[in-house]
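Structures follow.
In what comes next, chain A is part of two complexes: it sits with chain B in the first one and with chain C in the second one.
Let's look at the complex of A and B:
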């Protein structure tokens, strides 16, 4: 384990930036934190987390896939990708780190999504422990420990110091660049912080939330639960929950007509939208109830069924704080899971 | 704190259900915390007693729900309307968007709603309870031994700081005291924008709108946006888009939407309340309202049912397009 003083963290950022683009949460003019490319003068935010999750780095909201240019009877297919460069995402919370595992299982499974895979390959994740979890946090429901964030490097921040531990080869490589700015140290301070975090986790209002009643094989039991009516009745059908969610992975592929060709791009889609997965025969979910149900069944039943029991929620709490009508996965789990386990 | 109590609303709802005046109640349902209140339709006294809430976090405007919620309802729906909600209610009636006969509207006074984000900015994350009492909130967090006192005035939602009316313009029955239309400062922020140079103003909106994630929450919460199929959701429209294709396109979405609701927007502020990215979208609409007031005389959408908005009502007194152009140097 190595450490540096919090006062000197900007020189760490400057050093990382020499070799790679560095992104970290920075407070915007609206007071909320957003991942921003670091440059001299920017300050690492104290916010617990960003409004938008870091999934954008690997799975951007819009991304050009290829371009077609026509001239006469010829169509030229152009690979629009530029050479991917190394980048570092700094200050990722444990929940969001786990979300990359959820996304990996979708995109880095045969056939591999090379757009996503290339970004994962070039990105280094520096994850930070949560000293002050919010009431909306429930990562522990999904077995995540915010005191031990995964990632290529784990860091712990105190009032005065930042502690680093490399977990992977990429992490070792990053830390070797910082050897002049950090010093070797013991683990006492970090262990003390871990204990403090554990004590807080025990006090969180959602600490008893369980996944009992969910998981693979529960489709028949839960699909027609009468509670979906009540849970979905106030849903506006906006895409807020899906777009702030670190694990929502659905996208649409669309063509943009450039006049003499087409730019084929993909963009995030939302199961909350009326045109989601529209097919030749029309839409397969005609009501907001069906769309709403899809989102939660996917996270709590279908995904785990196909991914060895792993749930595709990481308990980051973004949907809890951002849903315009305050309906969210916790309310769904309490209402429907409780019933199923009775 | 609200002057009318949860028990008063509850008694009203229970008695109207019991005597058959209504068969359902559109109200606020309690959440996991004290502040995450969800709109809900209640059908029994037991449901109401268990989950109905009324506190400083009941900001959601119910008027738009009336468009969708009553299709298959037998009997009437009781809806509680705060003063600002009643303007949307009238505007929707003007546009024939729901059946007035199927609604029993109860006007309720409102002392302003609290923005939990402002509370968190003061007290930090980790709020375990919020007690609304008097003119302050008592906020208990996981991290402080003692509850923190926060003045309610400091954490009111922006739209409530600039409340335009405590008067109800529609109801079947009023609970509590009727208020007055307020001479608010709601155009102050617009004037600040007008005082900017075009470059400054562009930079302002560039910064704000660049955060847009096209979740459409502003549109979906907006009581003036009630198209059954929004042009931006229609794959055959040629402009459908699920995500901003570029920074120009996302600005266009908001500007087009502001034009679309101009003259119909009551300035209820739902757009800014629901925006996950804290974009002050209401300022676009307010600019239109201010301009229309100046160009065509004072007009408040929803103040009465059936009024014709200036933009769809030609009079010989209307100013000439050239006059608008002439104003550009003095008042952008």
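Let's look at the complex of A and C:
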């Protein structure tokens, strides 16, 4: 384990930036933290969470896939990707780090999505222990320990110091660049912080939320639950939950006519939208109830069924704070899961 | 990194023949620019065709894998991409990627069995691939019955091939029907599910269904009433798709993705899924 003083963290950022683009949460004028490319003068945010999750780095909101040039009846397909450069995402919380594993299981499963995989390959994750988990947090429901974030490098931040531990080869490589700016140290301070975090976790309002009643094989039991009607009744279908969600990975593929060719791009899509499943001969999810149910059944039943029991939720709490009608996965789990285990 | 491969990056296909089948269905013959098949496939699999600037959509490959020269797609005009394709001329390039999905189990489960194919309308398109595969390897299968119905005589897909080739094969019986009486038609009149009941098949067959959802529903009920078990009946589903490889997240029925776990399902497997297709 190595450490540096919090006062000198900007020189760490400067060193990392020499070889790779560095992104970290920075406070905006509205007080909300957003991942921003670091440059001299920017300060690492103290905020607990970013509004948008860091999934953008690997699965951007929009991304060009290819270009077509047409002349007469002929078409040319052009892979427009340029060489990917290394980058570092700094200050990712344990829940968001876990979300990368959820996304990996979709995109890096055969056939590998090379757009996603190359970004994963070139990105180094510096994960930060969550010193002040919030009231909306429930990562522990999914077995995540906010005091022990995964990632290529784990860091712990105190009032005065930052502690570093490399977990992977990529992490070792990054730390070797920082050897002149950090010093070897013991684990006492970090262990004390871990205990403090554990004490906070014990007091969180959602600490008793469980996944009991959910998981693979529960489709028959839960699909026709009458509670879906009431739960979905006020849903606006705005899709905010899917956009702030670090694990939502549905996408659309669209063509854009540039006047000089056609760019085929992909963009985030949402199962909350009526057009999501609409096709020429009809729509298999006609009501908001069906779309609402799809989102939660996918996270809590279908995804675990296909992924060794792993849930497609990491308890980051973004949907709890952003839904305009205050509906969220916690309410769904309490209502439906509670019922199933009765 | 240019020209890196990805399943989303398609190949170029050239339309080398357009056959007008019905007032709203055309069959397109597609090869690569060097005149070859774009890829090999199994009966029941699909391909993504696209018209850059218009869109991309999934279509069943209607030609049999035993056709080594080209692929064919029977496409009904009903949306943006299909309308554009219906105006395309020979020589037009499109894009093609695939094959996607699970095929019919033609080489194991179907081997040695009597086969009953039941199709409605453009639902014959995916079945034609299997039917012609089984006709090609005729001695591997028992009796073949084909029940096919459409709105009118003019709406029967592959009519010429059915009459001139399928009907003349030994051990192949074709039963055609149209919804309403029509001048010049002396065949059966009535809906497919009722016709299947009238024909009253022996249950020593494996059945394959494809057609409008309502036809599948009533035909399935009819077959079960005749004593067929759902494990003897296969069908092929269709939902909106974008990626074709189970990642874009829209064609799922429960935990199954139609694009990669389907489109071919055995009817008892469908019973395990929520009724959302």
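As a working rule, the second predicted complex is superposed on the first by the 340 of 342 C-alpha atoms of A that agree within 3 Å, B and C clash if a C-alpha of one lies under 4 Å from a C-alpha of the other, contacts with A are read in each partner's own complex, and residues count from 1 in each chain.
What we mean here is this: a contact is a pair of C-beta atoms (placed from the backbone, for glycine too) under 8 Å apart; a residue touches a chain by one contact, two chains touch by 3 or more.
Fair warning: this is a prediction, and the values are worked out from it, not measured in the lab.
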Simultaneous placement of chain C and chain B on chain A, clash or fit
fit
Between chain B (first) and chain C (second), which does A:252 come into contact with in this model arrangement: first, second, both, or neither?
both
Considering only touches as defined above, state whether A:29 meets chain B (first), chain C (second), both or neither.
first
Looking at A:74 after the superposition, I want to know if it touches chain B, chain C, both of them or none. Which is it: first, second, both, neither?
second
Applying the touch criterion given at the start, work out whether A:223 contacts chain B, chain C, both or neither, answering first, second, both or neither.
second
So, does A:278 touch the first partner chain B, the second partner chain C, both, or neither?
both
First (chain B), second (chain C), both or neither touched by A:269:
both
In the superposed arrangement, does A:305 touch chain B (first), chain C (second), both or neither?
second
Could you say whether A:120 touches chain B, chain C, both of them, or neither, answering first, second, both or neither?
neither
Gap in Å between nearest CA atoms once chain C and chain B share a frame through chain A
8
Once the two structures are fitted together, what part of chain A is touched by chain B and by chain C alike?
252, 254, 269, 278
Which chain A residues qualify as touching chain C in the complex?
65-66, 68, 70, 73-77, 79, 81-84, 106-107, 109, 111, 113-115, 118, 216, 219-220, 223-224, 249-255, 257, 262, 264, 266, 269, 271, 276-281, 284-285, 290, 294, 297-298, 301-303, 305-306
Contact footprint of chain A on chain C as seen in their complex
1-12, 50, 52-56, 78-79, 82, 89, 91-95, 212, 238-240, 242-243, 245-255, 272-274, 276-277
For chain A, which residues count as touching chain B in their complex?
28-32, 34, 48, 51-52, 61-62, 132-136, 200, 203-206, 230, 233-234, 236-240, 242-244, 252, 254, 256, 265, 267-270, 273-275, 278, 320, 322, 324-328, 330-331, 334
Per the contact definition, I'd like the list of chain B residues that touch chain A in the complex.
31-33, 36-41, 60, 65, 69, 117, 121, 124-128, 142-143, 207-208, 211, 213-217, 219-221, 229, 233-235, 240-245, 273-274, 276-279
